[in-house]
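Shared between the two complexes below is subunit A, which has subunit B as its partner in the first and subunit C in the second.
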Partner chain A sequence: MEINFLLFQLLNGLTEGMILFIVASGLSLVFGVLRVINFAHGSLYMIGAYLAFSLSTRFPQFTLGPYLLLMILVPAGIAAIGLLLEVTLFRRIYGKEHLLQLLLTYALVLVLDDLVRLVWGGDIRNVPRPPSLAGSVEFLSLSFPTYNIFILLLGPAIALGLWWLLYRTHAGNLIRAAVTYPEMLGALGTNVTWVMTGTFVLGCVLAGIGGVLMSALANIDLGIAMEKIIDCFAVVVIGGLGSVWGVLLSSLIIGVGKSYLSLILVRLAMVFPFFVMALVLVIRPWGLFGKPER
Partner chain B sequence: MSEPRFSRKTMAGSAVIVAALVILPYILMTLGKRGEYWIWVITEMVIMALFAISLNLILGFGGMVSFGHSAFYGTGAYTVALLIKKAGFPFFLALAAAPLLAGAAAAIIGWFCVRRIGLYFAILTLAFSQLLYMIAFQWYTFTGGDDGIHGIHRPDFFGPVHYYLFCLAILIASLLVMRMITRSAFGLAIRTIRENSERAKFIGIHVQRYQLLNFIIAGAFAGISGGLITELNRFAQTDFLHWTKSSEPIFASLVGGMYSLIGPVIGSTILMFLKIVLQQIHQSLVEIWALFLGLILLLVVLFAPEGITGLYQKFVRKT
Partner chain C sequence: MKKVVFILLVLFFAWGTIASAPVFGQDKIKLGFIADMPGIGATFYKSQKEAIEMFIEETNAKGGILGKKLELVIRDSQLKPDVGSNVARELILNEKCDFLIGPTSSAVALAVTKVAQEFKKIIFFHTSNTEKLTTTDFHPYMFQVVPNTGIEGGGIALYLSKKPYKRYTFIGPDYAYGQTQWASFKEDLKRLKPDVEILDAVWVKVGETNYSSYIPTLMARNPEVIYSSLWGGGLSSFIKQALPYGLFKKATITSLFDLDMLRATGMDMPEGLLGYARCPFYAINTPEMKAFTKRFYDKYKEWPSDWAIMVYDGLLVLQEAIKKTQSLDSEKIAKALDGLKWNSLRGPRYIRAEDHMANVGIYVGITTKDPRFKDFLIMKNVEEVPAEKVWMSVEELKKVRQQAK
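Up next is the complex of A and B:
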């Protein structure tokens, strides 16, 4: 029983870590290209989760089909919101002072979080798991929840997909060129503005996917935006911005660390990301995978 | 900012304003029940102004964006509440401890945060303030969790008017002290770092040490404001530590103008008025307070980043 329990907890931690990775990689990607830390990324994730809840109630029978439909509809919805925000707000502040950029996305958190409260209220919500993902898988005489396995398979698939997109496609070439030398990219005839918009929207899609996955994993409430963005910040501080593998590893560290510490004391688990973050700041201020700045 | 001392005009103007602020509660008192409410409102305004100028030491003056200033406001509030309620401290002693403990909290949090200035500083301050919030929320036996700490005794000689005057005196004293700080050699160094930290380093300024010290001073002043608000309301609660509380002084600094000492006071007062106006229109509007704050903040960032005082200088003074 003991070993079963510890393995189960490991699986839980990895699952949480994988969702964190999906959300945080969106934040990191947007920062890499636009040089803007989007504080509202956690709010977009939360809107994704609530949107999944609302849509799930529309289906009389919530089976695998509708669930997979949500996986497309919700990220598309968040992408649409992201597109609107980018074109109306973010586009005006690229290259401006950090102060203004930070204040703008911070103001957006105030607005979006309150809007979510207005639309969905303060009640705790959740999305049922479709029957085919609700059971458990027997392995080595241990049983694991199917839904967690599903997320654990989906996470690396998204990481690979992201890698493929960034390093094996034309769009990826453009995005990476926009990171290193936006002026030259523009001079070569590419519309850099729309490359940036596309990257921002892609980041929003990742937040949306994270939201859907979370909505059927645990209860959602108004606190999940702040909780997730703080965890994302911890990931970014620990792993260093811009490195995909840094984001993946530090997400898993936080997920698993929280999961095991919650066995001892729930409060200890909450403090864990801060503890690791403080430790990294003292030992390697530029992050485990980052490079020292100039 | 350029003249080294108060000009005669500024002196006369300030004297008139201070005199008006001192007389104001006595006029309000004649209004009876309604006047009492307004005295409470102006007291809160004075305290919030202190909170706003304390943040502006970091934000406008130091050029460091902190999203976690509620941490020190809340620390000050809980210090006063706990010392009076649990340790039986007299009011003045508890209030004197508020900036000390808030400053200590700022020293610890700042020690980590100043290692990464810029974007990281902003996310770290937010994260660590959230940590304090979670501790206050979870540590039920010590902080009362989300119930907060209620029924804090206030000395009998402190009527509403006296307490207002006491807070006003502290605000004015703080403004004078901050004026001294910003004009000292230390203040000059901080401004140099804001304008160009690289060059500041080259001319031998220990950038991180100066920024940390500035962060601690700002935290201590925020602690005083937190202590004062606890006494005014006679309770301390987790809201004081919540991240949305940090948005209020940011808002005040931005609306009032971050590059002047008095700007945040103006911004904070506008903010409080706005809150009251919303309350008068409909009680439920206050529940979406953050939405209003956020929307106005968005507009200010996009169209008037220099704030109201900036607009004033642009259109009225034409400097």
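Up next is the complex of A and C:
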């Protein structure tokens, strides 16, 4: 096989990995602070993708401007849904046993998926790429889709932004404090409840961004929620809790690994995330970048 | 008094006879359309219904068939075989339909054709094209006016064998239908042109929406022709996703380029791809097709899809058979269908006696922009591969039916 195609596949893998990172970082954040595995995170991502589809049809000329507008409107919409869910449901299950949490978030998956089916039907949809991102970039006598390159640039930017938010701002300090010493944080006069709500909403924003990106990368249908949440779950376990870079690295490993394995055998690509997850759990149960639980 | 009662009785009796007369000689012909309405069936259904309604309107304006007006009853089969056979029964038993019009999905068609056989009702298929309908599951009360899978696969293989293409690969979902399609295509091609190079196929996960990681694999095979079982929306989005990778600079993807798919892909469709269609209005130059296209466009302000044309053609066959037999009787019509010649929108055609398959071929061409159509591409240099050149021979047909027993 020529080196060209390996390069192509690397690009594809990294693109997939970046989207995975954006969605999974939201899951990781929620998991880290609230200690809830939100299975409905994938459904929120799917709603984001469908919302992007619906909004995109409202513009007579779908150019870069409207597309970037979607990148603001859709995450805002998902954030609003997230806020509603947190205040009405999630707030009640923090600190409860895992089975109870699982029951709620899994039930939400079913409810949200059916809601999507009701609103948008079962048809395959996609969002057109804006003309300035629809073409390709010629490099080494190969064509790389501009849209993939856009995602490859956006991913690290979001990672950097997230890191900056968590480690360089007051809000980030509060979130990190809520992970380790929630009682102390409360005793110091911070409204921990709202820190948690804020974190949950931030997670939803990331799911929404991922949804918009995916809607113009490939087709969207009712299956994308489950597909993504499974990969996200693996990524969070592999990367380790609370580490932006851990999630980024493990997303890229999964993305690139799946991409190369699909060259050999599609079925191998499907089990790859679980294989890596199992391996990490055996060797470093706290994940690549995580810290052992005290 | 006795006289009055007697007269009343006579009148009553006579009135009764008159009132019940339509049971024997209805003044209308009821057509029952088993339609796959939801999901991926929606676009098909829309244009099929439009064409049927147009046919009925036109025919009734001319006084109907045998002086009887046509009437349409539609039931949704939901792309589900069991629902299909239920609504077919309902159309026959409750609605007392005289003739049935088949669905879009082949799976539903196979269920429905059994019901038609059971009740000896004439039914025709215009969009669903599994070869089974006219081979293993054949019965004399059905006919088929869409090129079936055998004609389609054999037709494209024959066409390609005459072109200089050497290197062939395949992409499609990893399930039985695609595998059979690729296997029989390979076999046909190898037989027609022994020096072709058949490359490994690329199997896509069933339900896959993101094709990007398969595209480099395809390119690594370095094919000239990518044959595919992708169609409609799936094919359209594959083309959109593959375009920026430059896949179509060196290779063509060859699959069903029906009008709905061309419209869905819009101006993203690259020029120069080699594909085929079952019934493209823009490439068939008969006066009938031109007149039909104009009437259709004037009425609905859109171009007739392949499905619309074929369902209309099926109704023309039915009309011809009714006129020929001067009856609505299934047995007589089934007999009349054997070798029936009719003036199709595609030109003069006939129904083969042995399997009630119309001699309808496929149309192969190269995608191109056309000033007449602003929103989508059509195919140019379109050639028809006649059905007679590729359809299953009568001996083969007998063998297949024998084996199925």
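We take it that the second predicted complex is superposed on the first by the 279 of 294 C-alpha atoms of A that agree within 3 Å, B and C clash if a C-alpha of one lies under 4 Å from a C-alpha of the other, contacts with A are read in each partner's own complex, and residues count from 1 in each chain.
Following the convention adopted for this analysis, contacts are C-beta pairs under 8 Å (C-beta built on N, C-alpha and C of every residue); 3 or more make two chains touch, one makes a residue touch a chain.
Being a predicted model, the structure only gives us computed values, none of them experimental.
Undergrad: So, on subunit A, is it clash or fit between subunit B and subunit C?
TA: fit
Undergrad: Please compute the subunit B to subunit A to subunit C angle from C-alpha centroids in the superposed arrangement, rounded to the nearest 10 degrees.
TA: In the superposed model, the angle at subunit A is 70 degrees.
Undergrad: Tell me the contact category for A:233 with respect to subunit B and subunit C: first, second, both or neither.
TA: Only subunit B; A:233 stays clear of subunit C.
Undergrad: Considering only the touch criterion stated at the top, classify A:109 as touching first (subunit B), second (subunit C), both, or neither.
TA: First partner only, subunit B.
Undergrad: Taking the superposition as given, does A:207 touch the first partner, subunit B, the second, subunit C, both, or neither?
TA: A:207: touches no partner chain.
Undergrad: Looking at A:248 after the superposition, I want to know if it touches subunit B, subunit C, both of them or none. Which is it: first, second, both, neither?
TA: neither
Undergrad: Touching A:99, do we find subunit B (first), subunit C (second), both, or neither?
TA: It touches subunit B, and subunit C stays clear.
Undergrad: In the overlay, answer first, second, both or neither for which of subunit B and subunit C A:270 touches.
TA: Both: A:270 reaches subunit B and subunit C.
Undergrad: If you've got the overlay open, could you tell me the nearest Cα approach between subunit B and subunit C in whole angstrom?
TA: Between subunit B and subunit C, the shortest C-alpha distance works out to 6 Å.
Undergrad: Could you tell me which stretches of subunit A are touched by subunit B in one complex and by subunit C in the other?
TA: Residues 270, which sit in both footprints.
Undergrad: Along subunit B, where are the residues that touch subunit A in the complex?
TA: Interface residues on subunit B, with respect to subunit A: 63, 65, 67, 112, 115-116, 118-120, 122-124, 126-128, 130-131, 134, 138-139, 243-244, 247, 250, 254, 288, 290-291, 293-295, 297-298, 301-302, 305.
Undergrad: Tell me, which parts of subunit A touch subunit C in their complex?
TA: 1-2, 5, 8-9, 12-13, 15-16, 121-124, 126, 134-136, 142-148, 217-221, 223-224, 258-259, 262-263, 266, 269-270
Undergrad: Okay, in this complex, where on subunit A does subunit B touch?
TA: Residues 37, 39, 89, 92-93, 98-100, 102-104, 106-111, 113-115, 117-118, 226, 230, 233-234, 236-237, 267, 270-271, 273-274, 277-278, 281-282, 285 of subunit A touch subunit B in their complex.
Undergrad: Within the complex, which stretch of subunit C touches subunit A?
TA: 38-40, 42, 174, 203-205, 207, 209-217, 219-220, 233-234, 237, 240-241, 244-246, 249
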